[in-house]
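Structures given as structure tokens follow.
In what comes next, chain A is part of two complexes: it sits with chain B in the first one and with chain C in the second one.
This part shows the complex of A and B:
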């Protein structure tokens, strides 16, 4: 029998201490949720990568471009049934703070190689028909309020317009993706429009290709395709590196350092710090209750009951903090997406992340409560009643 | 030797060891106390009064001998068994009142009832009646810090009797009270003894308080039994040296 009223009243005995402890726990669990969600977002592309896509990039670096002439040759490789070019445009919308990814790409082939793309507004036909049109991820469109037919001016330091102005793209479609291998924050526009502008001198910039994405035919082995591609350009003019999509995504993640390790370290540190803080609170609280424990035992409450009172206090304290932290992480999800969603596409506090937060909360509650609860259980009535209140 | 005493101690010994030194607090004590008695336990410091009270109340265990209450050998009981026995059979009143500071008077009195099968409503009603009995019905919602010492001790007495135990053990119940409050508390204990037939064993240093009992058991230094003083010849109960 655990007197629940006693549990709640003991917790609220020092209201300020209670509130501060709950808040510190809430902040820690909130941080854990956010940091974990960032890692999940970073790794989402890797986890959801397609097995039938091969990425071809320069062997030197992702930032070194490849000749246009590689495209037709790659298309001839055994097992390759479709190919699309991607060029990083590196621009911004109106001002530098409004950054999101833009790529010049082959419109029709984009849909062939990425069947997970689907339009939620606009039509594929409109996009294909108009060379100055673009597709925009639904998340970015929502953030900036882009609608079908709008003109989106993009300024690209990599491909500056000769007149110093912006590139204008007409929104033909808003897309979403069925898989996380493709985020919903990117702007895609016609490669031909970029090429034509460069040829006509309307804009300046490199004419080569950033990456080729190959779709492998059913039955063909991606490993064989990669080997053949690597061998094909081994002697230049630009050696290439063909990788699976998951490897490519992983490489992309690692470009920003070992973020998962860094984030996990920060999260772990925060958890240990908060565990010590809650443990300290619980030990103080249990010491203050020593005499009460003696009284309860004298009245006939068992060692198990007083153990239950102390451990329950820890669980309730941590439970409230944890729930508040999780709620906070969920409520701030849209704000986080709005502020850093372009850097962490697919950011979301998912069910597994919430489960991890719940597990961390329970673990902290248990670890913080077990020592005072065991002490309370082992106290004799006589020694407990001697304690100074 | 008394026939069927309520409390029966035989060869009760309690030895404390501190810093390698052993101290015999109770030395082969034999004592019988009858049901319905009101006993004051007196003696110098270190004579083992409180230790004896703790052994009779099942709060502590002796090193030798047996403690029988109503024929049950509580010395042989294990922890949970003893806790259940305490909950049902004994009410405690302590010198420092020992009320739970975060609970109201009503909640403090209800605490022992949580260990019974009574419903919430029944618990509430029982506690209210107990507080009414000690004259504190109007202080039910007050916390211990909002009560005077005398009122706190009366709440503690209400808590001790709310489960209707036959035996009430009081350790210096008037030790922290002024004379007026002490007299009120002693009057209440007398009433519980006379009207409700509770057997009361009270440890006290206060000779005036001891005079309110029916008998005084004098303890000697070294944990042996001294004389037993009967205060009321008309009393139906009297202590007996075995």
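This part shows the complex of A and C:
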């Protein structure tokens, strides 16, 4: 039997020390959650990718475009139901620091190929009707204060205006996505508007297409579509690579390089630092309790209950710290999204992350509690009572 | 005023060696994580800034921030290369100025995954300009007009088809890898080939930047102002050093931000730990403090004595942190240059600056963590302190 009151009494004996230990644990678990969530966010696009979409891009480079003539040819491929063009615009709002993604795309087809997109403000009809209009991710709009009807000036080094000015887009809608496969921090505008401006000489830049996204008909095999597309342009003029959406997203994760490794190393460092700290606290308080342990054993408490008291102290301490850390991570979610959401779209402290944090907490509690608890169990009454502090 | 002998603190730390060690390693792990992130940032930044030359200038299209964005038509680059009076003359009496093509191409890493490798289309003129900055270390030089490439030394072990004798497929044209070159700067992560052949293979009849060596004594500011308003080829002129420094801004900003965030968050946890250790030290040494006060030491001396002890803990933690981070020095890693979206290989650099920052950080942790316990120690009354034990 473990006297539970004794556990709480022991923990609260040094209140400040107790609070500080819980807080440092909370900070560490908070940090683990944040770091883990960043990695999860990086991979979110892969996890949420749709199976019925095929991405066609240049085989050579992300920065090489494909001729417009590929579009109609791709639409002819067996099993292709719908097709949407995307062109990276690479611009910024007022200053270069104000960066978010902009794409020229086919407005109607965007909705056909990406059923996960939905408008939280404005209407699809307004967007379709006005060639100079755009859709903006709700988060991005909130960050910069864009509202329906506003004109958003964008300067693009890739597509400079002949007069040196900015491109103006009227906000027709604020969108969100039901899945992480579509970024929520983007500005979408009419491909036709871009094309028209280039043809009229209002702006300069390449007329070709960045990527084509194909929607595959139910029953058709994406693999067949991909190999047919690859073979179709094998001899140029631009060789292409057709991939599933998840491969396409994974490609970006791979390009970011060692970030997951870096983040895990940092997480490892945090774990070690905090384990040492908690272990320290537990050892210190166990040493101070040596005499109490002697008294308990003299009164007839078994080795098992003494062991239980000490290990429970460690678990309670870590449990509190861990819970606080997880809570903190969850509470700061919106502010993290606001500050670095454009670099880590889809940042979220997910259920699995929380489970991992709980596991880390329990592990720290166990590792920090086991040594003092074992020592207390094996202490003889006489040695414990004789102990000098 | 008499100070408490410092040996008193040192011996106290030695007596409580297990708590001391745990605290030191706890602070050490925190410091090591910070030092690691800083070493990463230093490695990246040195690679770019230290290899940039002041007498080499880079011409970009106005409004572009990097050579990936910048485009010159062949005609415009010709006008530039033929008409720049400020260009130094080479041994052959011709000006040292050259157009270069640049593109980030998709390549596969040897250990799996994709990455973006910069490919640079050059002429013999580029080699003349960089001189010793680009040294062949294996194989032979490029032959003009041939389907050949030479690869940067950092690619050989990382990227598929970047070994001498391998065939590198660009769009539909195979190129032969004939040599390996070395450079102190980011060139060592690039593939170089004949610019006309590469331009043809990639169907990119353009130049992305123009580089030149200036005659000694050229007024760079005047050149910048003139080219900014040049009627034929308005362009943005930067020294190579300025250009390379500007390339590090995005990643350095991210790494510095990450370092700062970690320093604050992990530092908070470490301060709590240090405070805890000192508080525990205090409670077991109350009796000693009573004696110190009784034999005439002033509270102020007690305060300094305990603060000194905390600083020693911090210093030792800082030293351990540096030792833990030191093996990272020279370890190769890769990171994304966000400006051009290409991966650059470089080594961690645990510079003296990194170590000083780490130690100062550790001392601050000790100082902040030790202040409150030291104040508590100083405010004890001799009679009470001796009685409490």
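Following the convention adopted for this analysis, the second predicted complex is superposed on the first by the 370 of 389 C-alpha atoms of A that agree within 3 Å, B and C clash if a C-alpha of one lies under 4 Å from a C-alpha of the other, contacts with A are read in each partner's own complex, and residues count from 1 in each chain.
Here, a contact is a pair of C-beta atoms (placed from the backbone, for glycine too) under 8 Å apart; a residue touches a chain by one contact, two chains touch by 3 or more.
Everything quoted here is computed from the prediction, not taken from an experiment.
The partner of chain A that touches more of its residues, comparing chain B with chain C, is C. Look at A:228: by the touch rule set out above, it reaches neither chain B nor chain C.
Of the two partner chains, chain C is the only one that A:90 touches; chain B does not reach it. Once the two complexes are laid over each other on the shared chain, residue contacts for A:10 go to chain B alone; chain C is not touched.
Legend: residue contacts after superposition of the two complexes on their common chain; A:356 is shown touching neither chain B nor chain C. Of the two partner chains placed around the shared chain by superposition, chain B is the only one that A:302 touches, whereas chain C remains out of contact. In the superposition on chain A, A:266 contacts chain C only, with no contact to chain B. By the document's definition of touching, neither partner reaches A:333: not chain B, not chain C.
Contacts of A:195 after superposition: neither chain B nor chain C is touched.
Shared contact residues of chain A, touching chain B in one structure and chain C in the other: 389. By the touch criterion given at the top, residues 18-19, 22-23, 25-27, 29-30, 32-33, 36-37, 40, 61, 63-65, 68-69, 103-106, 109, 112-116, 170-172, 202-204, 254, 262, 265-266, 268-270, 272-273, 275-277, 279-280, 283-284, 333-336, 341, 343 of chain C touch chain A in their complex. If you check the complex, the residues on chain A that touch chain B are 1, 3, 5-6, 9-10, 12-13, 291-292, 294-304, 380-382, 385, 389. Against chain A, the residues of chain B that register as touching in their complex are 54, 57, 59-60, 79-80, 83-88, 92, 94, 96, 98-103, 107, 111-112, 114-115, 159. Those residues of chain A whose C-beta lies close enough to touch chain C in the complex are 14, 16-17, 20-21, 23-25, 27-28, 30-31, 59-64, 90, 96, 155, 157-158, 160, 234-239, 251, 254-258, 262, 265-266, 269-270, 272-274, 276-277, 279-281, 283-284, 288, 343, 389.
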